[in-house]
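A, B and C label the chains in the order they appear, each numbered from 1.
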Amino acid sequence: MRDLIKSALAITWKDLYAEWRTKQVFSTMLIFSGLVIVTFSFAFDPTNNTIRAVIPGMIWVITIFAGILGLNRSFISEQYNDSLHGLIVSPIDPSSIYFGKFLSNFIIVLFVQMITIPLLFILFDYKMNGNILLFLLVLFLGSAGFICVGTFLAALSANSRSSEMLLPIILFPVISPIVIAAVQSTRILLIDVEEIESLFSWISLMAGYDLLFFVFCFFLFEFIMEV
Amino acid sequence: MHRSLIWILIILMSVALYLVFIWSPIEKVMGNVQKIFYFHVGSAWVAFLAFGVVFVYSILFLMKRKRSYDMIAGISAEIGVLFTAIVLTTGPIWGRSAWNTWWTWEPRLTTTFILFFLYLAYIFIRRMDGAWEKKARLAAVFGIISFIDVPIVFMAIRWWNSKLHPIVFGDAPNQSGGGIEGEMLVTLLFCLGVITLLYIVLLQKGIYIERTKLAVENVKKNIQEKLMK
Amino acid sequence: MIKTVTLNKTIAEKTILNDINITVNQGETIGILGPNGAGKSTILKIIGGLMKPSFGHVMIDNIPVKENNLEIKKKIGFLAHNSYLYEHLSPVENLTFFGKLYQVNQLEYKVKELIREVGLQFFMNEPVRSFSRGMIQRLAIVRAIVHDPSILILDEPHTGLDQQASRILNELILKKKEQKTTILMVTHDLAQAIETCDRFILMKKGVIIDDFVLENKNVHQLKEIYLRQVG
């Protein structure tokens, strides 16, 4: 188990380092999020008061669409020089590849959220007055569930020549519960604070989803890593 | 065996049609439209059954790596998608007369909607390029993941739905008519049986077609090899 | 010691390997020869743990290789057609990463030493992206031996190497041979093969057609046998 985490961290570190060197994925995700925000401002009149109602949805639309860009790269980048095969022949558990990739994708998405969500609040003139800690927890759980399944299915779709097209198609239906739960709990926190008691059932749904899918993906990953 | 099953199916199907359209009473509130309910529920049942079969054979495939297991899973998914499509078309027809709108985001219908996309995704994975071993393995993994997703999808949608519309629509379609009559229940159960048989026949047919395809491919390959020599 | 027991591999109903039985003793250096598409790389992939056989199994040190035996994987060094290197990382970073996965001791020192050995010390911190084919191959070779494997699997290691690098590689292989490393090498270059290997396995269309020892280092004799058997 310790070896598993160690090699997973080595993979995470390698990915994040390569990303830090090139900043390719991160900057693409940021620019994309910015463009989505601008498009939203055209679609929904930002001076109108009803704009508040769509902010929770916007947060998750940005996260998921930007996240998919990163997920797509995550395993395609292992295909130059067949470096994924290098990981398969090395003495590590296949699950540690999953865990390592999960962590690096998760960290990148959290960073993107750290920039885009405040930006969204500023541009749409939204004043946050809910519980910040709970909000962060919701962001954390929602993104974790999305990346958990996303990393797994990115590895799966990387086997296809048209993986960029395949990934969204297979990912969206599977993550629909986490999207519902994340949007609903964000809505409760940001807008309908009076429904706070139902927040906890949404949070527990997300936590349950995260746990269940993490375990399944973790153990099924070795079947994806066969050549 | 297959032949006789088809004949039995045809006979039972006519009986089912008789039961649905002539024998069973006309529902008081909705009238004739209610008859679609038998097909709607039957299709939904077969869709779930088909996806259960996908799940089981996906696990079996990952353990035993037999091509026939993969074949059964694949065909079952295709049949399942077909029947979810039927559910998704009969649902709105029903909804139109029960709730006066074509589409409601009613949890069961919405879950079926997601289910439709889930197994469409499964079929997309099967249509990937490459050797069948790879496609079968990846599809099996997705078959497992998507099946465990279904109850969670249903739960999430039901919660979401009850938050959106505090007044829950008739929880099950039959409640809107206020209780189900004995004859209706008999007809429904009979329909469920017949439609399950239809599923089995379709599955057999599908396997037969797949096997024939494989045989043709093998013959083609052998001829090619002979010509090469 | 490596032993393959009735290895069979079929991909998409196509037989790629057919009943392969090889026994390789500790410290032997084997050259696997054969035309393109004979299945040479496939054998190496199966022994190296990258691919599963459809039937049969591999024994390494008298233990049947079950799925994912980490201890056995640690003993194997695998150089495939592709380098497995990361384009955006430098040689040092690449080797350090793989060294970590193989849990190599004194990694930092070792990485520098290996890079020097293949003459890449001046490019130590350049990203691999800017390397030439031969430089990548040199680095790929040291990537495969960063953990001092006791079994070394080389798939066409000489491709893209210049004279000097080929010599370095051969010396490296001979040094490993002295340390009783078992070496399996696929190559199309008979002259390079004869420099390092003692035993040769000829393959054609997924079957072994010859298996012989040749210690006199006579290229012409090897060529003759190859042409006679493979045609």
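By definition in this document, contacts are C-beta pairs under 8 Å (C-beta built on N, C-alpha and C of every residue); 3 or more make two chains touch, one makes a residue touch a chain.
Note that the structure is predicted; figures quoted are calculated from it, not measured.
Judged by the touch criterion defined above, the protein chains are all mutually in contact, each touching every other.
Taking each chain's centre as the mean of its C-alpha atoms, the one that lies farthest from the centre of chain C is B.
Comparing chain pairs B-C and A-C, the larger number of C-beta contacts belongs to A-C.
Chain A and chain B, compared by their mean Cα positions, are separated by 31 Å. Centres computed as Cα averages put chain B at a distance of 50 Å from chain C.
Per-chain CA centroids place chain A at a distance of 39 Å from chain C.
The set of chain A residues that touch two or more partner chains comprises 226. Of all residues in chain C, only 45, 48-52, 67-68, 70-71, 73-74, 76, 78, 80-89, 93, 97-98, 100-103, 127, 143 touch chain A in the complex they form. Here chain C touches chain B in the complex through residues 11-13, going by the rule given at the top. Residues 149, 152-153, 156-157, 159-161, 166, 169-170, 172-174, 176-177, 180-181, 184, 195, 198, 201-202, 205, 208-209, 212-213, 216-217, 220, 223-224, 226 of chain A touch chain B in their complex.
For chain B in complex with chain C, the touching residues are 131-133, 214, 217-218, 221.
Partner chain A is touched in their complex by these residues of chain B: 62, 114, 117-118, 120-121, 124-125, 128-130, 134, 137-138, 140-142, 144-146, 148-149, 152-153, 155-157, 159-160, 163.
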